[in-house]
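What follows is a set of structures to go through.
Common to both upcoming complexes is chain A, partnered first by chain B, then by chain C.
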Partner chain A sequence: MNSISKELKEFKKNKDLFFIGLPGMLALFIVCYLPMFGLIIAFKRFNFDDGILGSPWAGLDNFKFFFTSQDAFRVTRNTLLLNGTFIILSFAAAVFVALMLNELNKRSVKVFQTVLFVPYFISWIVVGYLVYGFLSFDYGVINSILKGLNMAPVDWYSDPKYWPVILTASYLWKNVGYLTIIFYTGMLGIDASFYEAASIDGASKFQQAKAITIPLIKPLVILMLILSIGKIFYSDFGLFFFVPREVGALLPTTDVIDTYVYRSLRVIGDLGMASAAGFYQSIVGFLLVLGSNLFIRKVSKENAVF
Partner chain B sequence: MQKLRSNKLNLIMKFILTIISVLTLLPLVYLISVSFSTDAGIARYGYTLIPRSFTLEGYKYIFKVPRPIITGYMVSVTVTVLGTALGLALSSTLAYVMARKDYRYSKATSFYVFFTMLFNGGLVPTYIVMTKLLHVQNTIWGLIIPYSISPWFTMIMKGFMETLPFEIVESAKIDGAGEFKTFVRIILPVAKPAIATVGLFYAFAYWNDWWLAMLYISKESLIPLQFLLYRTLSNLSYILNNMSSLLNVNMSNIPSESVRMGMAVIAAGPMLILFPFFQKHFVKGLTVGSVKG
Partner chain C sequence: MLSKKIKSLSLILSSALILSMGLSACGSSDKSAEAPGTSQAASGTGTAAASPDTQLEPYEINWFFPNGAQADVNLVAEEMSKITKEKINAALKLTILDWGSYAQNMQIKMAASEPMDLVWTDGGTLPYLPLVNKGAFTEITDDMLKQYGPNILKGVPETAWPAAKVNGKLYAIINTQVLGRTPGILFQKKYVDQFGLDLNSVKKLEDLTAFYEKVHAADPALVPFEVAQSNSGGIFFNEYSSTLGIELLGRQNPAAVYISDDSTKVMNYFEAPETKEYLKLMHEWYLKGIIKKEAPMLKDVTPDQKAGKTVSIPTVVNPDTAANVSSKLGLKAEEMVALTLSKTFMNTASIIATMTGISKTSKNPERCIMLYNLLYDEKDTKLFNMMNYGIEGKHYTLAGDVATFTQNSGYMLASGWENGNMFNSYRQSEAQPEWYPVGPDMNKNATVSKLLGFNLDPEPIKNELAQVASVVDEFYGGLFTGAVDPETTLPKFLEKLKGAGSEKIIAEVQKQIDGWKTTR
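After this line comes the complex of A and B, so read on.
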């Protein structure tokens, strides 16, 4: 009793600040916390009339359907392989480009930096148009080149085997510039006296990059790498939805968990499947984020997010 | 000798970077070029880097019935303005109490915000909460509420606010100002740079969004610009039907290729023209956000 009244007293002291924070907390509750409780619909035979609480329980039926279908394996494989490829290649490319930018003078950097940043501001819908411009069967740039070389044009939008490459190229085009800028900004923070000392000692640019820039930028790169791996279960929906233009024939190599959940919910209307797949993504995604953070804590405690 | 070699290296790097830059811009040049080409020219030469047959037909068609685009712009502007204002109000207040170390619940609040970055309910429950509980489908709120509080942006804001000199809060308190008054009169003015950066993030998220429209909007008068573009691509007849019925023209006369790409230019253009001006703030926010969080 005593502790409650003490807590109440403390609350009174803090109540002004509490009420300042309250609107944001309520909004967060509605937008983020309510859907968390809503995850139970994965265990229900949901219908819109009875709502989340009123719908009958289904036990693990939804999961049984999802995991015994071939879809579960397919979307998990695509999600992990494609996102894994994206992460590795985009990080390698961004570090490489950032190292080059680091060697140039500020004025020329500014031009390149602006150009590289452009794709970040273009929505996936527009990227879908751009890719179509290259791959359209009749008018596309690639097929024009093939015809010019006396080779048979390729029907890109009907054969899934090309799509891992096309998706990767699209991803790199849109994201490498932004990642480069993050790394480059990190390199700007390196103390210039290191380089001065090194060049007095006669170190070449290569040696300087190897001995100074790379070791000093490594923590940032590794940190971001682990964070990206933690989010590997979540895909960039727009890429997988708009770039393949929803062609059913391409699903074997372009369908990821996010697009699968969306399609089950909005196109097919199979809520059981959608909620089971979504539940699977939330839980595994959560474990991966926790795991990656535990790993960061081990490697460098000050960089751990929690 | 050393100098000469490093000059050569510099040249090689500039060359590689130039190639990368050209590859980055090339698709956009094609897009613009096609939007100025005639269908006949495209049928003959394919998509070319420079229009072989220059025409403004595509844009003329788009602007003959400009209603969908004007509506799209109006919806996007309204959503961006309202959403950014709401997002900033919610994020700045929440970030402030998290940053106030003397606030008894500041740690608890931080965890409350942070946890939503680790774990989320995903699409299906969110969809049901928005449509069954809040009934935001086919209202302007469907395009605003789901993004109105971003834990990510709130954490960035908290990071900024922690650097503020909190002695000013103390002195305001001594002068007898209440917490709310202190926040509005003292904190907000000094937090302007943070508010500008986070506001930019919110504005960008709202302006470029198609996802919420895809989920919650089917009414034509509420379709934002980016989503209009998708509808045009997936179903060109949406606009063309409007035109052919209104203008009584034959569908086959419509320069469909240039209309498509012209729409993309119109939707993406303003952002590309504006972004160099606020690029600097963006980079600053990104580097803060990417490292913490």
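After this line comes the complex of A and C, so read on.
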């Protein structure tokens, strides 16, 4: 009772602010919460005549297609391992690059910032062609170099074993800049007096980074990490679809849940089965967010997000 | 304090205003879209009443079909109406919707029971069968066709009708084009002459190996046989299977039958010995450089075509194919020659690829058939060609029977396969053979599928179809572009297909075909 009146008081006090926030909250509700109602399609035998509510219930039938598939293990493994690698490497690289940016003067930071940030805006379709430009058998840059060194050219697009590396490299190239900017912005907020005091005490740059910068941006890194882990079951569809150019022979290492569902259902176009796959991804993603936050709360309580 | 209140009030008011503006915008656009239609309908019937023909009530035929937008569509419809009013006392209103939104628009119109007369339908864009099951179309009886559409009966080959019938009843008129598919290869004529290939001696693909080897030896930069991941080359087997005597139900559905098999026993087409022979040949060609090394990951063949490096293109060969494809290679029509590998093969999918149904909401189905009868008239093709080429002098010029479009004229439909009998069409190039008698002969002589009229219900096997589709995607590209050795890869593929449920699919398809045969 007391808390409700407290909330009301709070509301009255900041009425104007609440009204300013209203359109945003409405948009959030319409875009993020209303569509959740559509999740029931995953449990229905959907047809257009009866609509979403009128269609007959299908129980768990729509989930069968994915879980009884002989590729279910393969695509789940690829999704988790590849995305896990992406997260670990991109975070490590971004923190490292941000630390280096932090040591540069303001003018050269601008140049590096732009150079690092540009790939983030390039579409995966274009990246797919860039990668092809490097790896094409006859005219690719890498095979040309190999030929120049009198080595046998490699048929990159026919052997799946190269692809975890190629995919990881493409992902890092495109995304590290974005994370770097976020971490670098976090570092800018650190009070300069810390560094002054440290350098008076004779701390080296390395010691300063270890003792000041990293601990202070840790909450930001953890927040970003939890957000990424929540999406670990969703793959960057563009990366896995356009970069390997839909070459069937590469699927053993490039097929992830999203591409598998897309390939299987583009012929049949069954809404229920597609929703079931999406539902499965959301649930696992949700559990992973809760789990990783729980883990962080155990390890260092003050850094947990909630 | 007061000014603060006013501020927040104005905020609320302005946001409410924005919202209401959004709402009213939606509402008003609906109205404006509706208004001209109704007013035009009124004016159309008004003028029709002045027509001298007293036997038939004046009527306006409302026709919907997909295509690119045409600025002068109403102008052409008016001009066409002059002819149709005189002959059948009906005015014509054409509504062209773009391909992307056609199906959605029509489904909404059908669900709302809007008054419509003619509606274009096919196997994939706006699928015919589900619409019939939903009761969207009026039945077209034999008597109606005999009485009002003798030209239609003459134009559509008799063998084709069963494909369009659902439980023995017809719900749409087949638009006549070359109704079957003829697998073949298009060659650049200069290479055929240079390396002395006698096209008449080629009976099957294997006979071409020596020629292609010579081409490759002469210039390794040439592309002797065009194969790519996503074009006619990579999926050429869809067509070439009929040369091998196999009828597919779909590329990603392993169930297939032998065309000559009267018992229509369903088998897995990836297991057929003919398929294996084909894959071996493709692999041999791949190793010999006849197929491009990059075929399995190649998505775009136009650079090679534009550079004139493409020597031959496997494709469906129709009388106008050479003329159509040669322009892509920057060649004249006579600089390409077509080789057909086997007879035209006609099945349900190839026939129902373009049809026009009469909506259940049509008030005058007979008049619709009369209109179609005019479009099917072989002797007087003026109305049909007006619909496809526009008004002579304004939209195109005519020399003999070769029509040349005026650039940027506001009407350039040229889509005769959508609206009547394609064979009545003017030609667009001198090099293209005249449609009569080539086109009708192809239809008359076509091999006809034993499954004509059969439609698969995927519902009981949709889990298996989805899993199989994914497995096919994994192996198809490598095998059918020749990049991998079928001796080692095909067994792996077949085993994985079994794991995905191919046997259940085959059993179910067999069951459905057997059931369908007893009801026929």
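Going forward, the second predicted complex is superposed on the first by the 210 of 306 C-alpha atoms of A that agree within 3 Å, B and C clash if a C-alpha of one lies under 4 Å from a C-alpha of the other, contacts with A are read in each partner's own complex, and residues count from 1 in each chain.
Just so it is clear, a contact is a pair of C-beta atoms (placed from the backbone, for glycine too) under 8 Å apart; a residue touches a chain by one contact, two chains touch by 3 or more.
Here the structure is a predicted model, which means the values were calculated and not measured.
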Where does A:63 make contact in the superposed view: on chain B (first), on chain C (second), on both, or on neither? neither
More residues of chain A in touch with chain C or with chain B? B
Which partner does A:43 reach: the first (chain B), the second (chain C), both, or neither? neither
Would you sort A:247 into first (chain B), second (chain C), both or neither based on which partner it touches? second
According to the stated criteria, A:260 is in contact with first (chain B), second (chain C), both, or neither; which is it? second
Name the contact category of A:20: first (chain B only), second (chain C only), both, or neither. both
Name the contact category of A:233: first (chain B only), second (chain C only), both, or neither. neither
Based on the superposed arrangement, let me know which partner A:171 touches: chain B (first), chain C (second), both, or neither? neither
Contact-wise, after the overlay, does A:86 reach chain B, chain C, both or neither (first, second, both, neither)? neither
With both complexes superposed on chain A, which partner does A:157 reach: first (chain B), second (chain C), both or neither? second
Chain A residues contacting chain B in one complex and chain C in the other 16, 19-20, 23, 48, 132, 136, 138, 245-246, 265-266
Write out the stretch or stretches of chain A touching chain B in their complex. 10-11, 13-14, 16-21, 23-25, 27-28, 30-39, 41-42, 46, 48, 51-52, 97, 100-101, 103-104, 108, 111-119, 121-123, 125-126, 128-134, 136, 138-141, 143-144, 173, 177-178, 181-182, 185-186, 202, 204-205, 220, 223-224, 237-238, 242, 245-246, 258, 261-262, 265-266, 271, 274-275, 278-279, 281-282, 285-286, 289-290, 303, 305-306
Within their complex, chain A touches chain C through residues 15-16, 19-20, 22-23, 48-49, 64-65, 68-71, 132, 136-138, 157-158, 245-249, 251, 255, 260, 263-268, 270, 273
In the complex, chain C residues that touch chain A: 4, 7-8, 11-12, 15, 107, 134, 229-230, 250, 252, 293-294, 296-297, 299, 458, 462-463, 465-467, 469-471, 473-478, 483-484, 496, 499-500
Touching chain A in the complex, chain B uses residues 2, 5-6, 9-10, 13-14, 16-17, 20-21, 23-25, 27-28, 30-31, 34, 42-43, 45-47, 89-91, 93-94, 96-98, 100, 103-105, 109, 112-114, 116, 118-129, 132-134, 145-146, 148-149, 151, 154, 178-180, 183, 204, 208, 210-211, 215, 226-227, 229-230, 233-234, 257, 260-261, 264, 267-268, 271-272, 275-276, 279, 283, 286-287, 290-293
